Amino acid sequence: MSTAAIPSQPRKSFGSDNHAAVHPAIIQAITDANSGDAVAYGADPWTERATSELKRLTGAAGKALLVLNGSGANILGLGLLLGRHEAVICAESAHINTDECGAAEQVLGTKLLTVPAPNGKLTPELIADRLAGRGDEHFAQPSVVSVTQSTEFGTCYSLAELAKIHDFCAANELRVYMDGARLANAAAYLDCTLADLAQHADVLSFGGTKNGAMGVEALVVMRAEDTASAPYLRKQYMQLISKMRYLGAQMSALLEDDLWLRNARHANAMARRLADGLAGIPGVSLAYPVESDAVFAQLERRHIEALQRDWMFHVWDEEAGIVRWMTAFNTREEDVDQFLADIAASARTFRSV
Amino acid sequence: MSTAAIPSQPRKSFGSDNHAAVHPAIIQAITDANSGDAVAYGADPWTERATSELKRLTGAAGKALLVLNGSGANILGLGLLLGRHEAVICAESAHINTDECGAAEQVLGTKLLTVPAPNGKLTPELIADRLAGRGDEHFAQPSVVSVTQSTEFGTCYSLAELAKIHDFCAANELRVYMDGARLANAAAYLDCTLADLAQHADVLSFGGTKNGAMGVEALVVMRAEDTASAPYLRKQYMQLISKMRYLGAQMSALLEDDLWLRNARHANAMARRLADGLAGIPGVSLAYPVESDAVFAQLERRHIEALQRDWMFHVWDEEAGIVRWMTAFNTREEDVDQFLADIAASARTFRSV
Amino acid sequence: MSTAAIPSQPRKSFGSDNHAAVHPAIIQAITDANSGDAVAYGADPWTERATSELKRLTGAAGKALLVLNGSGANILGLGLLLGRHEAVICAESAHINTDECGAAEQVLGTKLLTVPAPNGKLTPELIADRLAGRGDEHFAQPSVVSVTQSTEFGTCYSLAELAKIHDFCAANELRVYMDGARLANAAAYLDCTLADLAQHADVLSFGGTKNGAMGVEALVVMRAEDTASAPYLRKQYMQLISKMRYLGAQMSALLEDDLWLRNARHANAMARRLADGLAGIPGVSLAYPVESDAVFAQLERRHIEALQRDWMFHVWDEEAGIVRWMTAFNTREEDVDQFLADIAASARTFRSV
Amino acid sequence: MSTAAIPSQPRKSFGSDNHAAVHPAIIQAITDANSGDAVAYGADPWTERATSELKRLTGAAGKALLVLNGSGANILGLGLLLGRHEAVICAESAHINTDECGAAEQVLGTKLLTVPAPNGKLTPELIADRLAGRGDEHFAQPSVVSVTQSTEFGTCYSLAELAKIHDFCAANELRVYMDGARLANAAAYLDCTLADLAQHADVLSFGGTKNGAMGVEALVVMRAEDTASAPYLRKQYMQLISKMRYLGAQMSALLEDDLWLRNARHANAMARRLADGLAGIPGVSLAYPVESDAVFAQLERRHIEALQRDWMFHVWDEEAGIVRWMTAFNTREEDVDQFLADIAASARTFRSV
């Protein structure tokens, strides 16, 4: 994707849910935690509360760990499931394949066996395509399937789709890792619990940063027998900080009173509002179904350029003219409406030419 | 070291400078930064300000990067200097060797050629001892020397000692990495600038977390020609977060009005006060010179146990009866005095038996 | 590819040039070398003679090293060129991508940026497609282009094609690695010298094992400034044996009196004979141009099965019905003719149905 | 160790058992195997015969694999036993620590927790010293103990000593890897079977190259449940060659009629003869007990220099004046006697001064 233009006016960014500030309740929780001494490296009550609650919400019998960013969660999560020589099956569009600078190969020494996946979603059939070389020492041996929920294109696997993948994997000696950097948005869209989603994974991440936190992600290991190496790999992968209480405080605040769900619902609603508003605008079409906080739209190059003068967002596919518009927990209805008005205005200009 | 006892009363911890909360000015800076959107991954004004200032303070012609923790800084810093096959010379007591769960070997694939170093300090002679196998393909080939300033035993290299090491390294095709998790304490002790220290390294870290920050460390690359891989390795090593502005805000606040130096001076003074107070107490002796915020003392086992009932600290060497007492930016004179009173009282009890 | 059937009769294998025995001259050289003591690990006259001759034949100013197998040559060769964080651009069909069990990712920690390449051959345009994310820390950063000569489909880059790639790479800060497991076959086909080929690479391998040797490959580093880490990485990658004289003897024998070229010419001629003989057979067509010792043909599934009852060869693409027939230095005209007769006979059977 | 001097006369080398040529029976086996085609990568009868026999001789229920050199065997063997984050306990003098250029750290990403071990031999007590940090995420977590039999100093563990280590490991969740590059010499010295030794390991290597082969080592996995990743890791670690029949032929020949044992007995006897002959020579003393094919002796610097003018051997410890004299399967009594005569003559020269 091309670098986002930095507009001259401070309008709401549609560039990323990462551009948003931190939710006030989370800032408050950090401030509240800032009193007295606390044992370092996670043996503190804030971390304890957050991880217990994560286990409860996901129904995990294993372990929940807090980490520092999405790549950290992905690499650690895959590392817990991968044998020393094993490979990962994932969608070509998966974040671990396209956006982490090759961290999986570098840190895990694993090969990503990628699959072109419509809408960013794997299926048992697509996974089966990468199993041909099993048992032959010349071929990379997949043992983990990585699904992203919601996907990099803003789409969501239905619970039935996840169940099918999980069943297929269980029947084929494959484990399931779920990249849940935007798992909250999927739960909001599917109107399901985290446990409904987590039951279809062996290890999953649960993102906080894109959903209102400052910088915290959770990794949830569903089964006790998969947890043994988790603390050590987290340390080796540099995902443990000394003052863990501030990660614990962030995650606790996000989990309290379903703030995570309210934030995600709001962001999804804003994306929905944006998508609905595009309906009547000529020359703008949706590239993918809108099922979370992302709107992928296709429009003319000069139209994109006109909009980027005032609004911050990424062009996803230069050639196809596809842009990505992200909403966030703090996107307001008026931000969407103002953006829509500008899109429509530009569209009229071009049409009238 | 053994796990710190968690005392029943909330007295000041002497367990680690990491047990302290965050300095109010840094919490304030985080809160102040929490407004409006900001481009993610470091292209924000807070990060820009912090890294510019770090370059200015250290005199670096290369680059300053913010990272998430001490191990992250060490691994990234070494990674910038190490060829694919090369090894690191360090003190046996170095944090990278003893306290990072083997991260250097795991992530960098490098061998640590350790040297038993009195007081945790390397010398040209000690370094030279590990150069014997150079040019022979059967032996690990050292290319980087890692020094810790201040050391894991709370001692400091003098500027002259650093200069000697740096000269020796320059003359022997070795690069110098300086683990500066507590560089501020060294600058305070030596009454020198960061540039005075940085000139003797090729890459160095500058710790924030142990010195009042929530969770931020800087990596400074002195020469432009060593910076090319830095952003990519930082990403691969999972040391980049999306909402970097909050790292930038922390580091900026730490650098403003020499807060970093004032914090370090205070912590050092508290350690000095503690060490001085031990002078008259029978059965307690210093294990290392006190030159930063750490006091290593030797005392009887039962004495240690008695103190751990009320105070949190680590036993460093069970057999030798050596404990580590750390102060912090927020340790108060009365905390030290109360601790000293308890140490003295226990000492009297045992002596009177 | 599917496992080769093991036929009931000991007919010549068309399964792989690796199925052949060792050329008598090479066995003789091993036997001749088996006298007296020799310094281990390569400081012997046989190794010295082989590597000097390799440098002379390729025009290399750098270094030639003997290694143990093709993967060893590829991994070491790439390792010499790759910075710690860098990625490789290669054809999707490249051996390093499809047939080495993920060794490149595992040992080098590098990402392979693959390109679907018609006939297995890269072009500047195909390479350019993978340069989009350069300079963006989220994307893998390619620094090496790996070409295979002759390719996995038995095709050859012309010298002009190689020159274009090399020029493009030089202009785009990319280095060229040439996987020459079958470089001899390419030289024979193009009727050019090894130096003609080597000038278009920074590092290249020169295969011995598929061309009549028992087990030896050479790695040639064209420039002196790229050689520094070679001996150490070779050792770390377990490509150095103690009794190197027997590798040296093999390679020396292969280079003497152009045995390498004569072997390759013969194998190529047998593949040509086989391809020419297919011309008149109904239902059998060539899948790729025949430009080395490989014939890829497309035929009906039942036809393949009938042939595999008596002949050993691999099915390359089950779905498309593409098989790979390899010749070797010791394939005889009568082997080819007998095979052709069987292919024709089977073809007639099916057609007559 | 210093580079061996290359003497002007072709006398028998005492530099290494690797300096010897290949036993005629093994050359013959290679020649005999050189007929007709054979399936590549180990599915050939020679490899099958060798690996079956290795399983029989060691009593292994798991798997035997042929690899290319000692480092390959060690790295693969450790890789089979090590979890992704785990560390290895070994003697400071272990080959994996001192002579493999850091391959274990580079390829396995593991930390070697070394122990200064008298005579190169670990004990349960020495192993226990490295278990202090278990369960603490900051410390490297050992899961494998690597013993070398016979050791780098030519000493042997008794079967009782091995049993004690194995029992201790079993009771402490540690696995045992046995570096058996010279296992034959240990079996010969202890007058025991390979099974007697193998029962005390989880995975072990069995060296061929130092014992008369051209270049082949075996890795034996004792238990079936430890074999799953073996073929894949062997491929990734570049220890598989296409024409495996020539490895199989070498190993088969070595195992036939106990050639391995006869070779080792002879080499041991020659070392014994050398050691015994040193008894009366003034100024020369043994540095370690002589229990295999190595004699470590201590003598004056000028004495060493005088001998190196005519004889090839390594100085092991420059400072202490310790040299290593290795015998081999083809060292003759007259070689030893001539060497002893020269040692005695030199000794007289110095004494008479």
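Which chain is which? They are A, B, C and D, in the order written, and residues in each are numbered from 1.
Methods note: a residue touches a chain if its C-beta (ideal position, glycine included) is under 8 Å from a C-beta of that chain, and two chains touch if they have at least 3 such contacts.
Just so it is clear, the model here is predicted, and its values are computed rather than measured.
Engineer: Given the two chain pairs A-D and A-B, which is bridged by the higher number of C-beta pairs in contact?
Structural biologist: A-B
Engineer: Farthest chain from subunit A, going by mean C-alpha coordinates, please.
Structural biologist: Relative to subunit A, the chain whose C-alpha centre sits farthest away is D.
Engineer: Suppose each chain is reduced to the average of its Cα coordinates; what separation in Å results between subunit A and subunit C?
Structural biologist: Centres of subunit A and subunit C (C-alpha means) sit 42 Å apart.
Engineer: Taking each chain's centre as the mean of its CA atoms, how far is subunit A from subunit B in angstrom?
Structural biologist: 34
Engineer: What whole-number Å value describes the gap between the mean CA coordinates of subunit A and subunit D?
Structural biologist: Result: the chain centres lie 51 Å from each other.
Engineer: Among the residues of subunit C, which ones contact at least 2 other chains?
Structural biologist: Touching at least two other chains: 41, 85, 100-102, 106-107, 109, 137-138, 141, 232, 235-236, 240.
Engineer: If we count contacts the way the header does, which residues on subunit A are in touch with subunit C in the complex?
Structural biologist: Residues of subunit A touching subunit C: 3, 85, 87, 98-102, 105-107, 109-112, 136-141.
Engineer: Which positions of subunit A touch subunit B when the two form their complex?
Structural biologist: Going through subunit A, the ones touching subunit B are 4, 6, 10, 12-13, 15-16, 18-22, 24, 27, 30-31, 33-41, 43, 68-72, 75, 100-103, 106-107, 209-210, 214-215, 232, 235-243, 246, 312.
Engineer: Using the touch definition up top, name the residues of subunit B that touch subunit C in the complex.
Structural biologist: Going by the criterion above, the answer is residues 41, 79, 82-86, 109, 137-138, 141, 228-229, 231-236, 240.
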